[in-house]
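Chain naming follows the written order as A, B, C and D, and within any one chain the residues start at number 1.
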Amino acid sequence: MDREKRNHLIRVFVAIALVYGLVAVLEFTLRPTSIIFTVLRKGAIYSLVAVSMNLLNGFTGLFSLGQAGFMLLGAYTYAILTMPTAVKESERVYRYYDALIHFDTGVLAGLIAAGLIAAVFAFFIGLPVLRLKSDYLAIATLGFAEIIRAVCQWDVLGPLTNGANLLREFKDLSRITLPFSDIPFPPTLFVFIVVGICILLIVLLINSSYGRAFKAIRDDETAAEAMGINLFRHKELSFVISSFFAGISGALLAMFQYTVQAQQFRTVLTYEILLIVVIGGIGSISGSCIASFLYIALSEWWLRGLDMGTFLGINAPDLFRSGFRRLVFSVIIMIIVLFFSRGIMGDKELSYERVRSFFKGRIHRKENAR
Amino acid sequence: MRKKMLLLFVVLLASIAVFAGGSKENDSTVVKIGVFEPASGDNGAGGKQETLGIQYANAVTPTVMVGDTEYTVELVIADNESSNDRAASAAATLINAGSSVVLGSYGSGVSIAGSDTFRVAGVPVIGITCTNPQVTEGNSHYFRICYLDPFQGTVLANYAYNTLSARKVYCLAKLGDDYSGGLVNYFVQQFTALGGEVVSETFPEGNSDFTSYIANAKNSGCEVFFSPVSTEAAQLIINQADSQGLAMPILAGDTWDSNVILQAALGKNVDITVTTFYPEGADPEFDASFKEWVNADSTRLSNNGGDDTISAVTAMGYDAYYFALQAIQNAGSTDPADIMEALWATEIDGVTGHIALDQVNGDAIRNTVYVKHANTETGGWDALPAVVVD
Amino acid sequence: MADFFHQNLSYFLSGISVGGQYALIAIGYTMVYGILRLINFAHGDVFMCAGLMMVYLSSSLPFAISIPLVLILTVILGFAIERVAYKPLRSAPRMSVMISAIGVSYLLQNAALYFTGGLARVYPEIPVLSASVVIWDAPTRVVTLVTPFLTLVLVILLSLLIKHTKIGMAMRAVSVDFETSQIMGIKINKVISMTFMLGSLLAAVASFLYFTNYASVTPTSGSMPGLKAFVAAVFGGIGSIPGAVIGAFIIGICENIIKGGASIFGIPGSGWTTFSDAFTFAFLIIILIVKPTGLFGEKSVDKV
Amino acid sequence: MKTLLSLEHVTMQFGGVVAVNDLSMHVDEGEIIALIGPNGAGKTTAFNCITGVYEPTNGRISFDGSPIIVNHPAGKMKRLYGGLEHDMFANEKVLSPTPDEITKLGIARTFQNIRLFKSMNVFDNVLTAMHLRLKSNVFSSVLRIGYKEERAMRAETEKLLKEQGLWNHRDDKATSLPYGYQRRLEIARALATRPRLLLLDEPAAGMNPQETLELAAFIREIKEKYNLTVLMIEHHMDLVMGISDRVYVLDFGSLIAEGTPEEIQSNQRVIDAYLGVAEDV
């Protein structure tokens, strides 16, 4: 049994190493403007948010719709902290306000602070909100996310947040370097490393005693409580941890798109991530990751032609005009929600055995058909 | 079973899509110009009109000489959806399609938001009507052929103070919108410097109820309503100003120079004055041939807002295209880096006037602001004397 | 006091008017929740679709035909959404149904985006409703005055329907106990369809009133009024129709008072208007925490 | 013998309905006590009061000599109160711990309608119940610094499952087990919290006479082995009479009889209460 487990671990390790190796190879061979990098980076970032949301919705059974708000906090914290002091004091970004903060931090400190700020807010928001049940909880968290957004845009906080205006020129993906040098850090690899570490931590959490307690709460609150699991403390823990990683992914998103603005973090963003979680399978980490990459690849790359006149070699500018991609996309989503409600992975994880048996099943059926 | 079907479905979709994404012709005598404009969202109407100008110019002059070779110009159009968070991904699409130079965008916010994506890729961009200073400031890849908001805001403030004799102005901007926020800011600076007083408010994204803002303007004793917002919000403001009996003049910037505004104001009791880049009639030849081109196709007509009024942004788009062609010609190359280098020294005589760039930020050197007044009976613009500042 | 009202009449007028419009939307939320325990996120978008239909239909048809046609089409839309997106999931977990609702909302918005080309469409001026009137020196439109009365009339009609007709009684039975009423031979599907159709009908009426006031329709026009109507429903105690109506009026009026805060209370306008939407949510959260069942909601006890 | 659990004048009222009225009882260390009564008599409500699921309207519950739950009618309830009138606890400090705190004190329970953790296998169901004793904080748990503790918990789970004869099913999904095994698993899970007092809510429900007999032996066995005190709700009179030391009888929320199984069997009030619901006996 232990050997089996070890083999499994080795396989996982090899697979992950292969993925990272591939990313590194791509990074050094393809031209840096290739759309593949957009897909890889954004896909990885969305994986992290989706996994963090899955931790709440899938593993703890808390239907929370506040993810966009915590991403916003992370993105703003990171942008404000890592923006060079010289930029803050110039008029380039803080045009209508005098910047309040006169120091700047490194990338790593910025990322961790982004997570921490989101977590601190989550802690205080969780105190009242986590006593609510199912859809009331969903609506209350959604409301808090909207309030966070409104407060971020408030004039009075302008010296900190630059009001409702864009933040930019912080340490984004084009401005990160290898430690103690000026050599630029390969951006896609950077995103993959950060996201990888975060997801690894979440996986370790889910497989720890605390993770079992979360799942117990999801399965049956009353029974979990009767087994001595403090509902409120564990819900709060899950909420805070999930928000911590949502904060980090918000920071990564800011780094990815070079600019950040509160306006972007609307409820629609949360819905988008929720749909990714559902497509991947509620309660499956690997499902969330696969779904994120698929979702981003479809929307940023493969279906782009639907918006730009030509798709699959068919040129029909009247049909394939702006907005058609999103229409097709939402139809696909509805099909998945209605007919494949368990998503790609259900609540299972991707493993060598599953992939093998999947293809075996295929072949087997083909033979039968003959 | 179902799950397998789903996986199969996804794989199928992925494979056809890879095929779709992968098939790109690489013609060596084609130069691609990216059009980074909104076709939907708040600024969709304006973006489409600006794009029309570019398309018309492309229809008139579809080739460019690079060195001794004649290249065909292909426009690559990506919709940035008037949304700052979609800007980066639309920009990436244009870069990935191999654009040598990019034109746009209508709306300063999206231009700023997409800017860094172009910077990292080393692709030069020519801003057409994005008037916020931050677009070109501190970078060497973003240029622009229009005047800037500090200039426009000053002209507007002077107009309000001197011509309209207003001493208290109500300013309404959209929250988080760099264009309206910036313009209001410069307006306020100049207007208070002149000794006037302002009441300033913002409305949030998705707001459609302007009655309270209009009531605020009336109740606070303002004499002019300054609201340089998107045409979408403008329609609502005009409508509700009419029904609430807002008696004061409404003043706005270049975005309002659109037939959307004229249609909304037609037959209403409103007094609208706007500043802009180009008054219809300044170049009759261009006007006539453009109208003919627009009327020839129903899609073009609907993209122009349903009639053949020429918006200033269309004329600007037309000029931007020629400016880009000139830069390509000067560079003698389709390489973005060469074009970027050549852009600094590029000059043309366009329908909107002579265009040359300053050597600090790559902004156009312009000194004329045209002023128009909406005629609510004919549904056209009445030209007022242009303001020239030396 | 009279002076105060006189000066700020326009805020109250628009508050009452928008409150009535929210109320009509909120009833759709509250009835569906009462029966299915589902937050029908797509309801706001149904409202938006009614607005768009009117834009397109009235361009070629006279109002006498286009108005009834919009009502009928919206009812069909509501019915179809229930049949396609919610009925297959009747035995699925609640979260799945809610996700399906989010999916429908996403679909309707994107469909609208595609067909309108993402541009705002100008809403036609419906005669009489769009006419201007002056009340106590405050110029406004007829629709502003008509809205609260029309809302009340419709609510009374609806209450009568629920109290006295067979289908109304079935609705009440289903909302009290889904399973039992099924066993008792009530045709659940018919009742649910009826609920969706009634909700959509009221949303269509609300769309006439709302868009006559704010003359343009965009793909996202429905989401904010929808959310606010939902908050109103929660405030009133979700499942309760009078609660939803009262909640909607309160929210409509409060929101306009905040927007007019600078002039009503003399608070210097340092961006308070930013909070007019956030206020709605803050309000919601306070209610959820202090009195989760709302003004008129019933308390339920979990069985162990 | 030492009293482990005592209920004094416990009343539980929902709105206007008094579900448990002035219930006083005590359970001594090492006893097996049965709580019986017709359907709707308030037995499960009493359990829920003891385990902290409900907050009693009035009364005091003590465990191991110290009060753990105390309440008296206050606010609106003062006016509505329909239980036996007295104000014994009016001046006492209100104590209303959550169910997990009660469990940590050493009271574990099973449920009438089995409530296992559906998505987990048998092993994890039991392992999860040991979470309450976990000393590692979330960081050391995630980073596996406290791996020794986890290892010990797994060893203990293994021991427990082997003793309960569930070891062969350890990788099966809990809900896929046969009914009898699910009951056993629920008891094993409760034992994993290391209780001193075990509350069983209708452990023999749905079992045939043979299985019930086995269950009786099983309950005696675990009682001896883990040094337990048992309080159970049961309808199967064979089981009740076979293993209980004493029996309490509830009817319409009130205690109507108390005594040894023999005394109860001949008690006229009990017989009356059960008439008409004889098929349940």
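Keep this in mind: a residue touches a chain if its C-beta (ideal position, glycine included) is under 8 Å from a C-beta of that chain, and two chains touch if they have at least 3 such contacts.
Remember, predicted model here, so these are calculated numbers, not experimental data.
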Path length in the contact graph (chain A to chain C, fewest steps): 1
Of B-C and A-B, pair with higher C-beta contact tally: A-B
Chain closest to the assembly centre - both centres taken as Cα means: A
From chain A, the most remote chain by mean C-alpha position: D
Separation of mean Cα positions, chain D and chain C [Å, integer]: 48
Rounded Å distance between chain B and chain D, as computed from the means of their C-alpha atoms: 72
Length of the line joining the C-alpha centres of chain A and chain B, rounded to whole Å: 33
Separation of chain B from chain C, taking each centre as the mean of its C-alpha atoms, in whole Å: 36
Sequence positions of chain C contacting 2 or more other chains: 113, 117-118, 223, 271, 274, 277, 304
Two or more partner chains touched - positions in chain B: 39-40, 79, 175, 202, 204
Chain D: positions in contact with at least two other chains: 53, 111
Sites on chain A touched by chain B in the complex: 32-35, 38, 42, 92, 95-96, 150, 153, 155, 163-166, 168-169, 172, 174, 256-259, 261-264, 266, 294, 297-298, 300-305, 307-308, 311-313, 318, 322-323, 332, 336, 339-340, 342-344, 346, 358, 361-362
Parts of chain C lying in touch with chain A, wherever the complex brings them together: 37, 39, 84-85, 88-89, 92, 94-96, 98-100, 102-107, 109-111, 113-114, 117-118, 223, 230-231, 234, 270-271, 274-275, 277-278, 281-282, 284-285, 288-289, 292, 304
Residues of chain A that touch chain D when the two form their complex: 201, 204-205, 208-210, 212-213, 215-216, 218-220, 222-232, 237, 241, 283, 347
Chain A residues touching chain C - in the complex, by the definition given at the top: 57, 63, 128-129, 131-132, 134-136, 138-140, 142-144, 146-147, 149-151, 153-156, 164, 222, 267, 271, 274-275, 278, 282, 321-324, 326-327, 329-331, 333-334, 337-338, 341
Chain A-touching residues of chain B, taken from the complex the two chains share: 2-7, 10, 13-14, 16-21, 23, 39-40, 76-79, 83-85, 87-89, 92-93, 95-96, 109, 112-113, 115-117, 119-121, 134, 137-138, 175-178, 181-182, 185, 202, 204-205, 299
